[in-house]
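You will see two complexes here that share subunit A, one where it goes with subunit B and one where it goes with subunit C.
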Partner chain A sequence: MIESIILWILAICLSPFYAAVILKVKAFFGGKKGPPLLIHYFTLIKLMQKGSVYSNSTTFIFKMGPIASLSAALMALLFLPIAGRSPVLSFNGDVIFVLYVLGLGRFFTIAAAMDTASPFEGMGAAREAFFPIICEATMFMILILFFQLTGELTFAAYFTGIQTSGLWRVAGAPMLFVVMAFFIILLTENSRVPVDDPATHLELTMIHEVMVLDHSGPDFGLIELGAFIKLLFYSTFVARLICPIHAAHPFVNFVIFCAALSGVYVAIGVTESVMARFRMDRVSHFVLTSFALAFFATVITLEFVK
Partner chain B sequence: MEAFFFSIGVIIAGGTLPLMLHRHFTLMKTVGVLSISAGCLIGLTNSLFQLFRPETDAVSFKYLHAFSLSFVIDGLSAFFLVPVFFVSFLAALYSFHYLNTPEKSFRTAASYLFFSLLIASMTLVVTAANIITFMLFWEIMSLSSFFLVVYDYHKIETRKAGYLYFVFSHAGAMLILSAFGLMYGFSGSFGFDGAAILPEWVKIVVFVLAFAGFGSKAGVFPFHVWLPHAHPAAPSHISAVMSGVMIKIGIYGILRMYVALNYHAPLFGEILVIAGMISGILGVVYALAQQDIKRMLAYSSIENMGIILIGLGIGMIGMSSGNPLMAVLGFAGSLLHVLNHSIFKSLLFMGAGIVIKKTGTHSIDALGGLMKKMRITGMTFLIGSLAISGLPPLNGFVGEFFIYLGGFKGVGLDKLSFVLSLMAIISLAVIGGLALACFTKVVGVVFQGEPRSESAVKADEKEPMMLIPMVVLAALCPIIGVFPKAVFLMAIRGVSALNLGYGRIPFSPFLEMTENISQAAAVFLLIVFCMLALRFFLYRQKTITRTGTWGCGFTRPTVKMQYTGSSYARSITDFFKPVTALNEDHPAVQGVFPAKTYYSSHARDIAERYMESVFVHPVLFFFDKLRWIQQGDIHPYIGYILLAIVILLFFV
Partner chain C sequence: MTGSFVEILNSAAFHRPRLPHLPFADFRKQALDIVASGGKVVQFFGYTDGGIDKLLAVLRTDKLLVAGCDAPEVYPSFTSQCEPFHLFEREIAEQFGILPEGHPWLKMVRYHSNCRGRADVFGNDYKEDIPGNYPYYSVTGEEIHEVAVGPVHAGVIEPGHFRFNCIGERVLHLEIQLGYQHRGIETLMQKADPKRLPVIAESIAGDTTVGHGVSMAQAIEALTSVQPDAGAKMIRTIGLELERLANHIGDMGALSGDVAFLPPANYFGRIRGDFLNMTLLICGNRLGKGLVRPGGVRFSIDSEISRTLTERIKELEPQIRHVLDLLLLTPGALARFEGCGAVSHDAAGKLGLVGPAGRASGLSYDARRCFPKEYYAHLNIPQNPKSTGDVFARAKVRADEIMQSIQIIRSLLSRPIETRCVEGSNFDLAPSSFVVTVNEAWRGELSHCVLTDADGRILRYKIKDPSFHNWNGLAMSLRNTGISDFPLNNKSFNLSYCGFDL
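The block that comes next holds the complex of A and B.
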């Protein structure tokens, strides 16, 4: 329990660092030096020290937005086995609970965007409401597959200890599809290229960034932190799946996990460097690909696993 | 049983007294509201008491010497009585300030009469123990709700909606009657118990007929066409009762038939899951495309009926494949959703009612910024929206959670169950996402941002009797969401009455699940509280500035530039294009000095679009051919009567 809580806090603290890895990779591809790896900590500290500007159009919901999205991300992380150790909380069906809690965070992020009466933010909100629908369908498809393989509905049963390598042993080929599907979900849910571009300043092409245009100061800091944690949450899935090694010593284990996690973040950075973002009407097709992959994986497994 | 009939007597008194007092408007309303709500409270207490009593109550009266009207309150009846009485109680309170036109005094009095009849008939339908009793009160329920729908009969749309509702409820009643007729024909008894001895193929026919009939009341796709017309036309407290509880009587009918037939064919589960899936997804997609706030809520009811049907289907699959845990989870989840939906949907309809009353418009795109002027309405509507999107820690999540768990139990079974469970789970996930989009749209466009029209500027909320019911309902959403144990026990009592053949259903494995929800919800609230504290700490002694919204460099923004509900929903409705064809009307801009132009769009319901060509025209064509029977001359009619008597005497 204590170990799980320490890992939870450690994951929260490390999440801004990993997000900076992406920037470093992108800078490398651009032939630049790039910002320091601790850039996000500096930004967060700077934001926390500032005051805020609120629009006259906004109500209390605007202030609830950052709280809800950060709380949802923290809550989700509580159920996730970090570095293959057992999570802080776990119960039968916690996967469903976590997906819906993240939905709650999304509800408030969208509502906070709609609160500003800004057409740009409305546009971002509409997209934020659309793409995750397909992601959720994919997630549940993967859950069906995992349930077939393990008979459990908890993150702990999928990502703890040797469980993950067990998944590979039972259904290796379909798991490749699952990794790809997870990676697409990761890119979509966290507004990365090719779904969204976190670096652009063109409001019309953005999803997440445009929704938080009006937030400032500590509020914005909380949103950023929530986004880092959410990114870490999804990256952990992929990291555990591509590197299911489980060492006996907790410290060794943690180092292996961190290395795998860096690999995922580098992959995100490489994707962002070599790809442009899709036209908005093509994004839904891209996200649907993940559903197709998960669907095939499940159908294939149906024949293998009895 | 006496207390039950006493409560109905008080409710009926609350309907008839206003007719005599209609010259004194306020007195009439006071008497009507007090009496109806008192009756509902008595009934509510009684049904809660009945629900937790092990034995069932039965009573029987002779009627017309040939039939008997018999009533029985078992767990299932008592479970459905709870929302009927509870929502009617709050709707009666709400009506006090909602019906506030003294000029329409007599009409208001009549509406109380029909309202009391509606409540009484709903409670009597769910306690009916034989076919005759059921059908009698079913008809009274349909007719009284028809008169309530046409309250604003001077409006042509209302009359049209009423007509549509009338036709659909009677076509549905015809199907139910034919199902009952088959039951009677094969079993020779009017009681529901006799149906258990029917041959298997008859059971299937009876179930399918009854499903179509009850489905038309419950708003199951494609029998839902009346629902999005009738609900917006009715006064809002009536829409709350109709959408909150009356359409659930259709669900009750399906369940009652399932119990009576006592036949666990896999086909039943298949029908229900597929029907639920279609209703659920299409319902929410159409809800998203609506521009009228009450129509949108009506479509969302269709969606929730879909969720309930999916749950029932999972329960039935669990039964037919011999998986008790899956069966109980599916049935209990859908019963929970029945209760939860009655809470948040009536809340949302009441909220929409205030908004329409204060702004004078139904159009979502004409509203905006109401949160600032109508704080209580806005807050309660927000809570209702969160709950209906199925988000924890609110009550909508609880029912869906159990349905999900039941669905996952089906994944491990045979191929067919696997496919159905997969469809059920994926459609629930998609419905959840779409519902979130739908309700962020309504909350965002109606209550947030800036007012889009004059009418939205002047809104206020002062009437306590309209606000109190909403506050009560909104308070229940998080309470049930965090502590689902009590309502879950109620649902289990309801499931026990389904005669699944498991004897007493043990509580302990399910209690662990509700405990888990409570615990997780508590942890989540703790985190939210910590974050609020952190935020408070971060904002100590900071400068807070208020200014206009950042327009990305654009200096003269107007409220017209805000994103509208239609544009918000457009990309999602486009994704579902084959079923959401958009009717657009937009005269092209022409010439050097173009005339004023406009743009209007309207998403057409696929069932409504094909109803005319596929169903109405063939039926009309057929009956046109029979028109010669009716010439308007009295002599042939007398001849018909004679012929009928002769045939009856000699051949039957």
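The block that comes next holds the complex of A and C.
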């Protein structure tokens, strides 16, 4: 239990660091030096020291947005087996609970965006509400597959200890599809290229970023931290899936996990560097690809196909 | 004097009493006939001469045509029959309070009172600043929403207000309201000490410093009967082409950045700086300020500078070729560029688009080829028309022009350049004269027009930046395009706010 809580805190503390890895990779591809790896810590500290500005037209909903979205991300992380160790909390069906906790966080971000009555934020909210719907379909398809393979509905049953390598042994080929589907969900849920462009300053093209335009200072810091944690949350899935090695020694285990996690973040950075962004009306096709992959993965493991 | 529109030469002084002064009805009919049969409007403006308000139009077919008339207080609008006059009529209405009756979209251009102190045509009260609060075209309906952007923008750019009428993600109509940077440059050019003209002209639009500098210098030279030597013409040509290269390359990088395709954005950002630094090498600053003066240029290109420039270009050329290929052959980037924000050939003609934007829609007009000045008459400028009129076409025109400009500069540098640098320019302008200069700045046709009075003072200085034609092209390109593609289209036009606002 103590170990799980320590890992939980470590994950929170490391999330801004890993997000900076993406920046470094992108800078490398651009022939630049890029910002320091600790840049996001500096940014968070800077934001926390600032004051917040609130528009006269906003209500308490607007102030609740950042807190709710960060809490949702922290809560979701409690259920996540980090480095293959058992999570802080776990119960049967927690996967569905966690998905909707994240959904609740998104709901509050969207509500806060609508609260500003800015046409930009409304536009962003509409986009942010649309794409995750498709992700949700994919997630459930993957859950059906995992349930079929393990007979359980907890993250702990999929990602702790030797469970993950077990999944590979039972259904190796479908798991490849699942990794790809997860990666697409990761890019979509975390507003990365080719779905969204986290680096742009152009409000009209943004999805996530435009919803938080009116937040400032500590509020914006909370949103940023929430986003880092959410990114780490999804990256952990992919990292565990591509590197299901389970070492006996907890420390070795943790190092292997960190290396796998770095691999995922580098992959995100490479994707962002070599791909252009999709046109907004094509994004849904891209996200639907993840559903198709998950669907096939599930179908080919069904009994009647065998 | 009756008669018809007469031909004038680019940058040649014309004695004003010999300008055809037509009765208004004839002027209107002939102007409409010329434009209806494929002509375009270069300049159309009002001026006051000896207490009488007059209009003057410079049109182009394969030659430049000019005629004037007395300005009526109210007249049937040209635009209702012939679209290219649209913005020019609005400008005249704003500057002189002359009402074009039946104008389909009579709205202020830059939001200022007219120079004659007449009642305002638009009924505005200019004591009040009302940024963004203008009567906009509006669409109503269940799922219609309006998005207002600017005048303060997210990037460090100039101010302008954009009003989108959308249905969901699709834009039905975009209306652009500028004028936030109106500095009264035309009046300033009239009133300022002539010695200040070059400095003011170079400040009209910072990214077109050489373009405006050359246009102004040609006008003054024509009015003072000074001819720059061949070396000066070559250096001006190099200056214009370096400006074109730096801006086109910057635009290609920005287009790439707008679709989040990073490598070309990063490389072109750096290469743009390399070309700005070449201008720096020639005249001591990256924007080309102080390079061009009436009578010639202030800085020569000696053999050592020429060699350095040649070496730098030789090193950069393959890099540019590679990065252009990377951008224009990557499917992901092409998917964003192709079919995005198309302006049809017909619409482009009616809007009178110029420069790369016009060529992308198949209007092959290029002032370097059609009305060559400086050293362009000795150079072979290819035509670059494209047919699709979309973002890809606008990018491709730029890509072609980048490679062509490099060839132009290389060929100029391979010849001996000798010039006597000018120290002080002659500003004793010929009295009662008229001159129009037409140049191809990097955004397109740039024209300055100078009228002098009987004492050789400037009576009217009219400036037309290519952006004046092209802003409506951007509005047109957004029709039925996703609102998230606006930044991409905007960048593919990359128009000047201050060049428009004057």
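The rule we apply is simple: the second predicted complex is superposed on the first by the 302 of 306 C-alpha atoms of A that agree within 3 Å, B and C clash if a C-alpha of one lies under 4 Å from a C-alpha of the other, contacts with A are read in each partner's own complex, and residues count from 1 in each chain.
Going forward, a residue touches a chain if its C-beta (ideal position, glycine included) is under 8 Å from a C-beta of that chain, and two chains touch if they have at least 3 such contacts.
Keep in mind the model is a prediction, meaning the values are calculated, not measured.
Contacts of A:222 after superposition: subunit B is touched, whereas subunit C is not reached.
With both structures placed on the common chain, the touch criterion links A:165 to neither subunit B nor subunit C.
In the superposition on chain A, A:59 contacts subunit B only, with no contact to subunit C. By the document's definition of touching, of the two partners only subunit B reaches A:129; subunit C does not.
Judged by the touch definition given at the top, the superposed model places A:277 against subunit C, while subunit B stays out of reach.
Contacts of A:137 after superposition: subunit B is touched, whereas subunit C is not reached. Number of subunit A residues touched is higher for B, counting subunit B against subunit C. In the superposition on chain A, contact is made by A:120 with both subunit B and subunit C.
When the shared chain is aligned, subunit C comes close enough to touch A:199, but subunit B does not.
Contacts of subunit A with subunit B, set against its contacts with subunit C after fitting on chain A, overlap at residues 119-120, 122-123, 203, 280-281. Against subunit A, in their complex, subunit B makes its touches with residues 368-369, 371-372, 378, 382, 386, 389-392, 397, 401, 404-405, 408, 411-412, 415, 418, 421-422, 425-426, 428-430, 432-434, 436-437, 439-441, 443-445, 448-450, 512-513, 516-517, 519-520, 523-524, 527-528, 531-532, 534-535, 538-539, 542-552, 557, 559, 561-563, 567-572, 575. Here subunit C touches subunit A in the complex through residues 145-149, 154-155, 169, 256, 258-263, 265-267, 270, 330, 332-333, 335-336, 340, 482-488, going by the rule given at the top.
Interface of subunit A with subunit B (complex): residues 48, 50-59, 61, 63, 66-68, 70-71, 74-75, 78, 89, 91-94, 96-97, 100-101, 103-104, 106-107, 110-111, 113-123, 125-127, 129-130, 132-134, 136-137, 139-141, 143-144, 147-148, 151, 153, 203, 213-214, 217-219, 221-222, 280-281, 284, 298, 302. Residues of subunit A touching subunit C in their complex: 26, 29-32, 119-120, 122-123, 193-194, 197, 199-205, 272-282.
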